[in-house]
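Naming follows writing order (A, B, C and D), and every chain is counted from residue 1.
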């Protein structure tokens, strides 16, 4: 994927192994990366491994070495389907699915470090929808996504059919709890600003 | 679990059931009415955040779910959840906040209220199989689904990971089979009951989704299934809505109607097909149901 | 801690260490053969096992003028006698209340694990306790209270009996 | 009034450099009860000891304190010297003024003060020392060996060859254990049965060995040198003395389709059976659960055809009490089953591998039976499902082992090697087949082991894939193996005809129950615990009980045999004396004050505290008090500190002695 970073020789020292970043991952995911002994069972069962440049076990390996830049520079974390197969079958109780969540969170914080844009865009729109409407409106989500991603014609054939089947609704009412939702978003932002949460 | 006391639940339909999965919502309400199980929708519930929220912001995901759990306290009864994704997130929230005191404190600050973890969160399958009980379910059958070969599809989120949803065995669950066999249908043994359909990428990477979903449809067909049964609107979206597209891309011919569990059980307990939202299904189920004599 | 007391700068605290023979005694021997240095205030009493150490000995030591007491044995799971240190730990946990009740500042009492291979740790533990107790000043409580009667003879009191029952 | 002698050693300059020994001697001489005090350059030397002995006699000393090095160094030396001078050795104590004083303090004044204190403490303690008799217990020179696998057989033969009687108890109908099930053995590929069966015959023919098969340990009482063991000899339904082993009963038995445990349930046997043709003893057993006679009362063919009339349907279990002086525990291992829920795990078995329901997914031991020339297929490797030869075979390592979510975190040690062996056996028998092995790392420490593993790859063409398998599922008549190769970083899929799982080595079922009967400790997996991981790997902490083989932890055959011989040597050492001598540091109960609460019994890790009935002259029970068996007591003193009424005393560490030391400060 990213030639320069991926192929570059890894120089290992206390300076190049970013322990702080790994600790953040461990704190967010509630799991230890040191427990992994690289058996590869996660990669063996991952439905998305064929789409990733770093298979799941290698993502953990890079974390063990404190080489997070190599992870975030690629798309692997954005191709995780959150299916929990890896966490379920790991012989060492490493919750890899949670580690992936943590990595995506930290990737967002690192602003634009990662390549994969479509998945990130979809996630962003989804969260914006919650903040603005309280609930998810698939029609709106899909339409905005297509506009923003420049794929105006994607799934064009599905639209009218779903509409006819009543699966896409044009109109929606605002949730009565909207004020409360805005407060939750606000409080979380506040906590992060004050360093009370990652 | 089974008692003569009237069963009544707080109901969390989730966003999809108010939109693309309207027939799941409709058939759930109708089925529960027919089975005399009380269902009261949690007022002003909001989105659980589903996969996108925990994908990039776990604290937000936990807070949204904790808020919903708090809202559900206002309604009597355990919380009935139809969508596997909502179910998974609510269960995850209960599990995580029960284990991690730091995260619990952060969430309490975010929602400005103590978190409530005591309430039971139940998927519809649990209510039918355990609370109502398979015997009572079987006793309500008017039209046994004899001769219908069903491939039960669990997907990722109903059972995984270990210790979180605790719905059934993580690797070899049987609850769906138990429910549908108790209303007279046959089930097929097949290989892709728990494989992922890629719902997370429905919007962003449909190319990935159709590959994963194709493998599932292929396995169900190979096992000799007449149809697929699901308990998740996201799985349904991929298996049903995209089926024609997949057939086109891969040159296959599946023609497998994808039912929600409440539609099939509803049919068996004698609900009129109009009240099951069958017309909303993209892969037309009517020829199959007619050929088996259920309509 | 005791502002009313004037602590002379040349106060040399008395520290008594109750140790098991298999781990900590051997660890202290190792500190010797390695010629490590530590304050000379400590006096060592050897027991076969920390399991043998009756909490009454601790009281007795304080009453006898000790300013600090160290109890040290094998690491959990390493007991030469399978589980003696485990029983000791449980027993001491139950006795903490009693010690507080009779006026022992728990700061003066230290429990630790020192294995036969940990000469350095023995030095650390002894030095630390000695300096801590030195800073706290002499242990006056028992001397003032003259508990002579209560803690002599059969060494049985209602509080002690009660504590035994809790174990 | 005591007359204590205090002897202060300079230890060359080791002590005298920092401690003013003359001042210490003067200080000691002034202590009440001290009759004599002196110092000398080397107390431990011959002249030093002579000085000590002379002083004891001339000064009529009653107690001795030697202020010198650590008692761990020279306590024995000085106690022997004291004994030679006619005093009880336990009236001599050492004051440690070297390791605990002169070596660790530089300030001469402080060190001298401390040395005086230490000597003072030991003087006060020694005053309270009592004469302690050396404790001896008689030794019954017979040994019990539990378990008739290779470990038990080796230990039994070694002990018996040294001329001592051995009672060998085996739970199964035949001895031989797992080694008799194996086809070939690594790293030499010699046939397991060829090297095993002669040893089994040796056991049967040995005049010093009493063999009880189909028997279990019911009860163990007593202590080192003096155990009484009750053995339950289960009803065989065939009289061992009259049976000639002709086997006619087995050929005539109508029940022929009972899965045979010895063949991992892939071969069949009759209801009256020997588990395998070379069984020792060669006397059949009736499996009452499956015998038509026992189920319906209808059959009885075996009895009719038995010439000598050995079949006895009425036979009952019998209990036999054996007196032995030592016990060797050699109960071996069992394999973890992927359909079972392991101890301490939330997960039931391996659902991702089909919970044991895919017929052609087998474990390593089943593969051994398939490959064994005397096995149910005559050594042909075929699939249990349809009898076809597998052309693609997949081996997966570390199933259950090294998997903490399954509750087992240890390495099973033998799987890497036996899998390498399996790939070779497979290659020898199925020339056009291919073996694949999914593994993490090959653990092959052992003589010629790594070479053996390399051979399986380089010469026998096994393909090793570094990576684990996520899932197995049946697809048609193939098993789809979803694995990964972490070196390449890609997923690997193999459509296999057969899959062999290297499942974890675990202790035998019920190992914990046997340990409780024996009073020995075991770890969280039920492996038996040795007394010291490095220096006493063969003994249990409980005196007189020794360990051999995989019951202590996963082991291969050479290691097992070594440990068995080591255990036998330990038993012979024990039997080399008429009576056992031991330090008299044991607990005693003052029966008068004992209220019979048995708090002491609860904390005793050795089971040394017994309940003793006190009766009046008419024999009426007055009360029950605690009593310590000096043969079993290890002398930790936990009972004494626990006793709420202060009625237990540990000799050598009495309250009096300790309080005297504290008061001396």
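Heads up, the rule we're going with is that a residue touches a chain if its C-beta (ideal position, glycine included) is under 8 Å from a C-beta of that chain, and two chains touch if they have at least 3 such contacts.
Small disclaimer: the values here were computed from a predicted structure and weren't measured.
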| item | value |
| --- | --- |
| Steps needed, at fewest, to go from chain A to chain D via touching chains | 1 |
| Least hop count linking chain B to chain C through chains in contact | 2 |
| Most distant chain from chain C by Cα centroid | B |
| For chain A paired with chain B, centre-to-centre distance based on mean C-alpha positions, whole Å | 24 |
| Whole-Å gap between the CA centroids of chain B and chain D | 53 |
| Cα-centroid distance, chain C relative to chain D, in whole angstrom | 36 |
| For chain A paired with chain C, centre-to-centre distance based on mean C-alpha positions, whole Å | 55 |
| Of all residues in chain D, the ones touching two or more other chains | 352, 405 |
| Sites on chain B at which at least two other chains make contact | 162, 170-171 |
| Touching pairs among all chains present in the structure | A-B, A-D, B-D, C-D |
| Contacting residues of chain B [partner chain D, same complex] | 162-163, 169-172, 191 |
| Chain C residues within the chain D interface of the complex | 14, 16, 21, 25-26, 28-29, 31-33, 35-38, 40, 43-49, 51-55, 57, 60-61, 64-66, 80-84, 87-88, 91, 123, 154-156, 161, 164-165, 167 |
| Touching residues (chain side chain D, partner chain B) in the complex | 346-348, 350-352, 355, 405, 473-475, 480 |
| Touching residues on chain D, where the partner in the complex is chain A | 352, 398, 402-406, 440, 466-471, 482-486, 489-492 |
| Touching residues on chain A, where the partner in the complex is chain D | 37-46, 49-50, 54-55, 57-58, 85, 89-93 |
